[in-house]
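In what follows, a single structure is set out as structure tokens and then discussed.
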Amino acid sequence: MSALDPIILFFLLGLAAGLMRSALRLPAAVYEFVSILLLLAIGLKGGIELARQPFAMLLPQMLAVLAMGLLLPLVAFPVLLYAGRFKRADAASIAAHYGSVSVGTYAVAVAYFATQGITFEEHMPLLLVLLEIPAILVGIVLARGLSRETHWGAVAHEVFLGKGIVLLLGGLLIGWAAGPDGLSSIAPLFFDLFKGVLAIFLLEMGLLAAAQVGALRQYGPFLLVFGIAMPLFSAVIGTGLAWMLGLSVGGAAMLATLAASASYIAVPAAMRISVPEANPTLSLTASLGVTFPFNVLVGIPIYYALAAKAYALLGG
Amino acid sequence: MAQSNERTRKLLTIITEAAVEASLVRDIERLGAHGYTVTDARGKGSRGARNAGWETSSNIHIEVVCDANTAQAIATHLQDHYYANYAMIMFTMDVEVLRPEKF
Amino acid sequence: MSALDPIILFFLLGLAAGLMRSALRLPAAVYEFVSILLLLAIGLKGGIELARQPFAMLLPQMLAVLAMGLLLPLVAFPVLLYAGRFKRADAASIAAHYGSVSVGTYAVAVAYFATQGITFEEHMPLLLVLLEIPAILVGIVLARGLSRETHWGAVAHEVFLGKGIVLLLGGLLIGWAAGPDGLSSIAPLFFDLFKGVLAIFLLEMGLLAAAQVGALRQYGPFLLVFGIAMPLFSAVIGTGLAWMLGLSVGGAAMLATLAASASYIAVPAAMRISVPEANPTLSLTASLGVTFPFNVLVGIPIYYALAAKAYALLGG
Amino acid sequence: MSALDPIILFFLLGLAAGLMRSALRLPAAVYEFVSILLLLAIGLKGGIELARQPFAMLLPQMLAVLAMGLLLPLVAFPVLLYAGRFKRADAASIAAHYGSVSVGTYAVAVAYFATQGITFEEHMPLLLVLLEIPAILVGIVLARGLSRETHWGAVAHEVFLGKGIVLLLGGLLIGWAAGPDGLSSIAPLFFDLFKGVLAIFLLEMGLLAAAQVGALRQYGPFLLVFGIAMPLFSAVIGTGLAWMLGLSVGGAAMLATLAASASYIAVPAAMRISVPEANPTLSLTASLGVTFPFNVLVGIPIYYALAAKAYALLGG
Amino acid sequence: MAQSNERTRKLLTIITEAAVEASLVRDIERLGAHGYTVTDARGKGSRGARNAGWETSSNIHIEVVCDANTAQAIATHLQDHYYANYAMIMFTMDVEVLRPEKF
Amino acid sequence: MAQSNERTRKLLTIITEAAVEASLVRDIERLGAHGYTVTDARGKGSRGARNAGWETSSNIHIEVVCDANTAQAIATHLQDHYYANYAMIMFTMDVEVLRPEKF
């Protein structure tokens, strides 16, 4: 089903073109342009919702999500260190990637839920932003300990003022301030074109994912297994947390998807600066080469089924 | 190669990951260079291909014209702080500048 | 009010991101793309109107606006030279910037008037084009005198065949030739997306404005004062001229806005070539760092209020 | 008529700006972006149709079009070699350009037919893809003979995995798999913006065409004559073939347009690699500087008139 | 550095504002260079940072391979006509070319 | 120019058509270079202006740091396989590298 959503087909097209070593490339500027549009659109969508919600009501959700962002890398780290036999820095960096989120995966889930007519708490982008950050800090501490060497000021700057966060948060604030009517004039670009832009983005993601295959071969099967098992585990955590927070089934599936997604933009950039001794190829191979394709191709429907089943059992 | 010694300076070329541009140019200025020039690049080396498909995999090509001591200082600094962890190469050559006082 | 228009919020987002030294950048190609779309869209809009108007009727307006374009820099020059104590070349260059116009400011005004339901003479883009040019020539003469050295051929080429003029004029001609029906097929890109594209443009403008702050500190308060006082003065002139030409209140507010806006694309480029001894940082700091923010944040509503009041007094 | 279609006016704007040596340039990334959008949109449109058609029914058309792609360069080659006195490699390369197709020309024809209310077989993009390839192989053989030196593997890779083919074929497959409903969500980007994006593309094509004029002067009148006579001849062949295949009049005019169009993307790239001794300026001057402008400005309406007349005579 | 004198030429590198590209390359050709290569760049120098955010603040990096006299002529011309008013640096080095007749 | 012979390598610069990038870097690696750096460029030469308006007319600027023999091998290969048919120039200079073992 999801596999037939045209945007997924664009991902497969990019993947195939990449694997067949096609000359197809998207200029870096085009990739940045579509990323910027997606980040702003997602932020704006979430911001509109925030206007409708009493902030206090969101606080528990926000804190719970922050906690999840701290927890997930702490779970992943020992697995990578002992089972995966990775160097400490590499284990910490990969853990940070999986504790954080992938906006692209979220966007695909939004599109999938829309076609499936699944509703979810619209303020999800707020949780997305919150989930992006804590894992990075955990990752640095796991790699370094709380050493004085770490320039936390620089880290904070890198993390909070990175492109992704600024555009998401900025979109949230603009959407919150302007409200649905205020945004109607810019809706044609940010909302009507959303799925088309997402299609172009996924075409490029397919090309990028294909480029990881070589490294994947080299670093053996562990990354492959971890890149699929970890998201499944995170999805369970996310579903459970959503249930405790009293989210809808759709909201639970969405939070599961966020938990299951692995960063490939914010975290790599931050790790490269803050934990340079970690080999960036390892984490990118896992998150871009394994987890992203897994999530967009089969993960998202699985997470929804999981949430539905869980809510049926637990009674949500 | 340079006729007159006073007009001769070092051209230091650094090719490395785009991710370190900000901190790198900060260091270069701190170590006494009066300027630098950056161009975007792609390439391949011991750390594999960096094809500039997107930020994470793109390189920068930095040129610094400076005196021999500054070049030495920068080289040493890079060796100590960047070489171990970043895709990076560096080389120097002699150049003849038009306004020596600038560099 | 205007400050809550989402496109203004995008400008503030860019400004904030820039001031906080965020890593957010728009690729130069994206900035050029959105500029091209805006310039063409504005030209097309105006061209449609031209088709509806007897050209002869427009002639007086066109000549009057050309005269204003010659006058404004002549007023600004002595102020900058004596009060501002700028070098002759710098005074001339800054004067040229303020005698010319900013298409971005015009676009924001168009958006603001639309949300406010204010109507204005739709052929305004024609006057915009006319207003862009004369100040450049005046600036060169002020800096150089009518010296033989100046290659007027080169200057004319630089001015009339610059990107901005070509796209605006081209748009005007295409809109004029094709008419409203002819353009309906390209309306989705150029008209429906207009405000969304403008939002992206303003995001970048905010980043650029923020980048001027350093220079602003350095060059002291005079530029700050001039960058606000000059547009207010120009707005009065523009309003008066509009009244004499018998434009509507909206048209007067729009002409005031054009008069008050300062160029940051066409004029800098022309001055750099024709008056290279002028320090480009000075004029850009004033027009990008002071006047553009002032106009889009508070100026435009002021100019409308001004026009309304003036017309009430003078009876328009 | 066609000359007043706004998208044609954008081409003329680019042409004029280029001839007047305007500073107007489109960033390469923008040009690539609009090309990518056009290629995908055309593929998607065709793919939707394929879903509706029994593949077997298309087979004869596909084979016939492949045959035409092999025939046309074989006709052009001797003319260029003997009448044009070109070197063997140059004659072969130019012949390949004219045996293949121009997607931009097809897009303009689609727009023109739409405004004229002319219908045609919607699976035309499939024939477009098929027509793009064989001429390249013929061109190589004409230049080289069936020498062992030619790395046919590399050639095939270059040809089949070039950007254009991948995006067209990919679009076809996606459109075919997703069907009209599946694509509705991405229609705003790929279909609603089609003509606007085409306008930007034509603006750049005008600039590129203008850049060929210098070379055109240099290489004398033969290229000019050939660049107009060859498409007219090809259009006749295309019309006849369409009639034999039982296509509609619109379909015949479209196949004539495809036959008459000359490649300026896929073929130049392939020839540069496979027949490097051919001077690329010659073929680009003819296809970009003469044939493309001729086709979009006057050719397309002529081909439709031709098809109409032919069908009236032959009784279609 | 160059084994044989006939193969040695000057590589002249100019880094300056994008705004002057058109007139600069015109001058370079007029002064006898047989070609030039331009790449886009950003950087920092005595006239401050030029970060290529947009046209007005972007640099170009021009390379010209030519004989010593032409290099000298270009250098002098730039010094007289550009240095005073534009952000610009220039330096030269010896290079060995493969087809001396070209330069 | 180079103090110590072991630290001296050749910097080989090739400026040519973007169309040949793929095959060119393949050849460069095959001929023994341990890496290369590519930047996009535009320019003008004996084969006319290549202003990078689009793929077909854009240039690339390739730098290869390698030992003298590899540089010689690459130069010879290019002369035999590319010069006749492609817009291309090439030149070499001596550079001093920091980690000779890399090149």
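Should a chain be cited, it is by its letter among A, B, C, D, E and F, assigned in written order, with residues numbered from 1 in that chain.
In this text, contacts are C-beta pairs under 8 Å (C-beta built on N, C-alpha and C of every residue); 3 or more make two chains touch, one makes a residue touch a chain.
The structure displayed is predicted, hence computed values, not measured ones.
Touching subunit A and subunit B at once is no chain at all.
Apart from subunit C, which is left out here, the chains connect through touching into one piece. When the CA atoms of subunit A are superposed on those of subunit D, the rotation angle is 120 degrees to the nearest 5.
Farthest chain from subunit E, judged by C-alpha centroids: A.
Most remote from subunit F, judged by the distance between CA-atom centroids, is C. A straight line joining the Cα centres of subunit C and subunit F is 46 Å long. Subunit C and subunit D have Cα centroids lying 41 Å from one another. A separation of 19 Å divides the Cα centre of subunit B from that of subunit E. Annotation for subunit D: residues touching 2 or more other chains are 25-29, 33, 188, 193, 269.
Listed for subunit E are residues 1, 39-40, 93-94, each touching two or more other chains. Applying the touch definition to all chain combinations yields A-B, A-C, A-D, B-E, B-F, C-D, C-E, D-F, E-F. Here subunit E touches subunit C in the complex through residues 17, 19-20, 23, 48, 51-56, 58, 84-86, going by the rule given at the top.
Those residues of subunit C lying in contact with subunit D across their complex are 27-29, 32-33, 36-37, 157-158, 161-163, 166-167, 170, 173-174, 177-178, 182-183, 185-190, 193, 269. Per the touch definition, subunit B reaches subunit E in the complex via residues 1, 9, 11, 25, 29, 34-40, 63, 65, 93-99, 102.
By the touch criterion stated above, subunit E contacts subunit B in their complex at residues 1, 13, 15, 39-46, 59, 61, 75, 78-79, 83, 89-94. Considering their complex, residues 25-26, 28, 31, 204, 207-208, 211, 264-265, 268-269, 272-273, 276-277, 280-281, 284 of subunit D touch subunit F.
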